[in-house]
Amino acid sequence: MNKICPTIEDALAGIEDGMSVMIGGFGGAGAPIELIHALVDRYKATGSPGRLTVINNNAGNGAVGIAAMIYAGMVAKMVCSFPRSSDPKAFTDAYLAGKIALELVPQGTLAERIRAGGAGIPAFYTPSSFGTQVAEGKPVAEFDGRSYVQERWLKADVALIKAELADAKGNLTFRKAARNFSPLMAMAAATTIVQASRVVEPGTIDPEHVVTPGIFVDRIVEVPNPAQEEALLREGAK
Amino acid sequence: MNKICPTIEDALAGIEDGMSVMIGGFGGAGAPIELIHALVDRYKATGSPGRLTVINNNAGNGAVGIAAMIYAGMVAKMVCSFPRSSDPKAFTDAYLAGKIALELVPQGTLAERIRAGGAGIPAFYTPSSFGTQVAEGKPVAEFDGRSYVQERWLKADVALIKAELADAKGNLTFRKAARNFSPLMAMAAATTIVQASRVVEPGTIDPEHVVTPGIFVDRIVEVPNPAQEEALLREGAK
Amino acid sequence: MVVKLTNAQIAWRAAQDLPDGAYVNLGIGFPEMIATFKPEGREVTYHTENGILDFGEAPPAGEEDWDLINAGKKAVTLNPGASFFHHADSFAMVRGGHLDVAVLGAYEVAQTGDLANWSTGPGSVPAVGGAMDLVHGARQVWVVTDHVTKKGEPKLLEACRLPLTGVGCVTTVYTSLAVIDIVDRRFVVREKLPSMSLEDLQAVTGALLAVGAAVGDLIVPEL
Amino acid sequence: MVVKLTNAQIAWRAAQDLPDGAYVNLGIGFPEMIATFKPEGREVTYHTENGILDFGEAPPAGEEDWDLINAGKKAVTLNPGASFFHHADSFAMVRGGHLDVAVLGAYEVAQTGDLANWSTGPGSVPAVGGAMDLVHGARQVWVVTDHVTKKGEPKLLEACRLPLTGVGCVTTVYTSLAVIDIVDRRFVVREKLPSMSLEDLQAVTGALLAVGAAVGDLIVPEL
């Protein structure tokens, strides 16, 4: 049960055309840049995996990370709450040209749907989006005199996430606000693939401080000194 | 916004007849013995608070903790998954005599209902208990060809919980498996009252290691070297 | 001619109403300015959707940690007693009613409390973020906004025309001309610029204004 | 006369089927014995509902930490790589399909996979614990049980008579006489005691037994 993979390519094995891929990160914090770019490189070299559904809070910024996936043409659909950024050109152009689909989900609903997917809760009710366009076509119900929208769980074939520490059993910690959606996505994906800044021996992470228990993690690859998306963009990365 | 109370009595102020009280702990791990017994003492001295609904995984063991509440006659109803223990006499006698009501909830459903209460989710679907007596009278629905039971959120007027470290802003950590239901109950109660083994300065608990953020906590009282229910029982406490 | 409040002055006015001990979420952009004007001696804990409670001011330029950002993707710092948590826990705080105040911007606000602040209609890329959760979670939902659009059209209306963010959710509107509470599906003027009559205010408002007790003067410092 | 398996031997047999690398929840009591018989070299991670993953054996008497217990309230220890989490996360692991195997005891099992293991009917104090969640979460749900009741009545039935724990959930039954898989709502005998004929086994079973490929011999060590 050693979940450590020797290379990024090993960690990413088995991601196929048409799969759904959850990608951790909120803005640049937590974006698993090395995993994403290895996948983009594979797509450019082999034409696969394409037609992906990508689930993330945002829809890429500049030309790195998810934006690079969109520019490469491997994303068929984005599921996100906020497909804008300081430089949203990659998504905006593709969306307005009809080359990419968008499922817009309120941020808290997105988080809860992913958690529900990981927790075996097929549907739940939330007040968020009641009475709005976003709720059109969804069942509604009243509880204690207040109206709610029924939302379904969200699962994925794969999650790509960035952790700070990881051990061979899959236990993870995150760095500051880079935590965001990643622990939820680890729960909700059939295969959870992690790039960790440092791999440590089991027992090194205090059992009280584990954020994602190993049961939610399938593969880990060590990526020391990982790129930080926002820092990359500010350095002028293209 | 200093949430530290000078005495247990201050921390417990305002608990009234007929209230619902979530009490942390699974078996003896996490049972806030000092908070509970201060409340029992108050009831014995003043006759209040009585007619309480108590929410806990179990229903008391021996004659301490929740069992002491039941013996004192202050509990009208238990909401729990497993009203048995090594010495369940307090609850069993009261239940079979018709003096206490029981709402039996599967353990995972109990946890999820409490989380839902804290998270503003009025209802959710779970496969647990489908087709059983426990689901009688509850709405059912099919999702993707599988059947589920609709469950409602569970909230309470008060939560009594035991933490390891606490700071004045209400941030908490727990000790080992004493964590169990406590972080959920802190979210779901209108007033969350905590006994902490040690009160520390804000900033002492690493922001990455906070288990319950302060927003979920209202009052804290320091109880150094707290009693451990299981240890008490094994020492022959009456 | 009435000199309307600047955004900074609107933010200042809203900040005066922050309750001591409150947990507050400030929306991206204009609402974030409110933190700058928090009255002395009042303790307010800020929440950001992306998983931080009790964050502080921006760090000095060059000292940013881009893993330590707020929902607007701006670098922040931590106060002692801060905590990190994942997005589901973060929105449990929001949706579960644990925030005292959420402050948002608006395209339109209706007298019913309906808010439109996420979409200007078809043709653009829609983006909703956390607004639809925030408006249904916090105990009070404040809007800070110019009283009228750039074209001079009223933003306070009988009913919103743009796509809604939430139904019946706004409790108070701090505008460039007035402070208006929403009570029983009516706009109730709490304060207005002293240089302006109620009739003047009514003239630039798209719904009937009610008056509760006395209408106070909306007085703010030069900023 | 057939010498039926002891509980330890049933547990031993079930343990032989634990997949390498599996995440497993062992029910309170009899199922807990399975951990004792895990085959050498196979790595199994144990989960307990009350919020621990990767716990180990009981500590020596006198060294118990009663904040470090399993769902049966017995003291345990931690393996390197263990973690603590709250009850909602714990049952997310259960309900969310993250466990490979859950093992429970039974009063009755039906050929449909229905399980009754929590209530012997009216008159006693009902207690369900985590069983109703476990039976619908784990990828495989095993039952370990004597083949018949203390009175000699079949426990494997066409339909359960006692209140159900779950519908269509059991995948394999390890009894004192046989290993029986539930496939397409039928009991399919995988192994039986070699000293026993299929007719003998059928005679103490309350539903029709099917035979898949060959029926293997259920052979266990003296324990």
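We call the chains A, B, C and D, going by the order they appear; numbering starts again at 1 in every chain.
Throughout what follows, contacts are C-beta pairs under 8 Å (C-beta built on N, C-alpha and C of every residue); 3 or more make two chains touch, one makes a residue touch a chain.
Everything numeric here is computed off the predicted structure, so don't read it as measured data.
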item	value
Starting at subunit A, fewest touch steps before arriving at subunit B	1
Subunit C-subunit D separation of Cα centroids, rounded to whole Å	56
Averaged-CA centre spacing for the pair subunit D and subunit B, given as whole angstrom	30
Rounded Å distance between subunit A and subunit D, as computed from the means of their C-alpha atoms	36
Residues of subunit D engaged with two or more neighbouring chains	52, 84-85, 88, 91, 94-95, 136-137
Subunit A, residues touching no fewer than two other chains	112, 115, 119-121, 126-127, 174, 176, 207-208, 211
Pairwise chain contacts under the document criterion	A-B, A-C, A-D, B-C, B-D
Footprint of subunit D on subunit A - complex, ascending	1, 115, 117-121, 167-169, 171, 187, 201-203, 205, 207-208, 210, 213-216
Of subunit C, residues touching subunit B in the complex	20-21, 23, 43, 45, 47, 52-54, 78-85, 88-89, 91-99, 136-137
Of all residues in subunit D, those that touch subunit B in their complex	48-52, 65-69, 71, 73, 84-88, 90-91, 94-95, 114, 119, 125-133, 136-137, 163-167
Subunit A residues touching subunit C - in the complex, by the definition given at the top	26-30, 57, 81-86, 88, 91-92, 95-96, 102, 104-112, 114-115, 126-134, 147, 174-184, 211, 228-231, 234
Complex interface listing, subunit B residues touching subunit A	112, 116, 119-127, 141, 143-144, 146, 148, 152, 173-174, 176, 207-209, 211
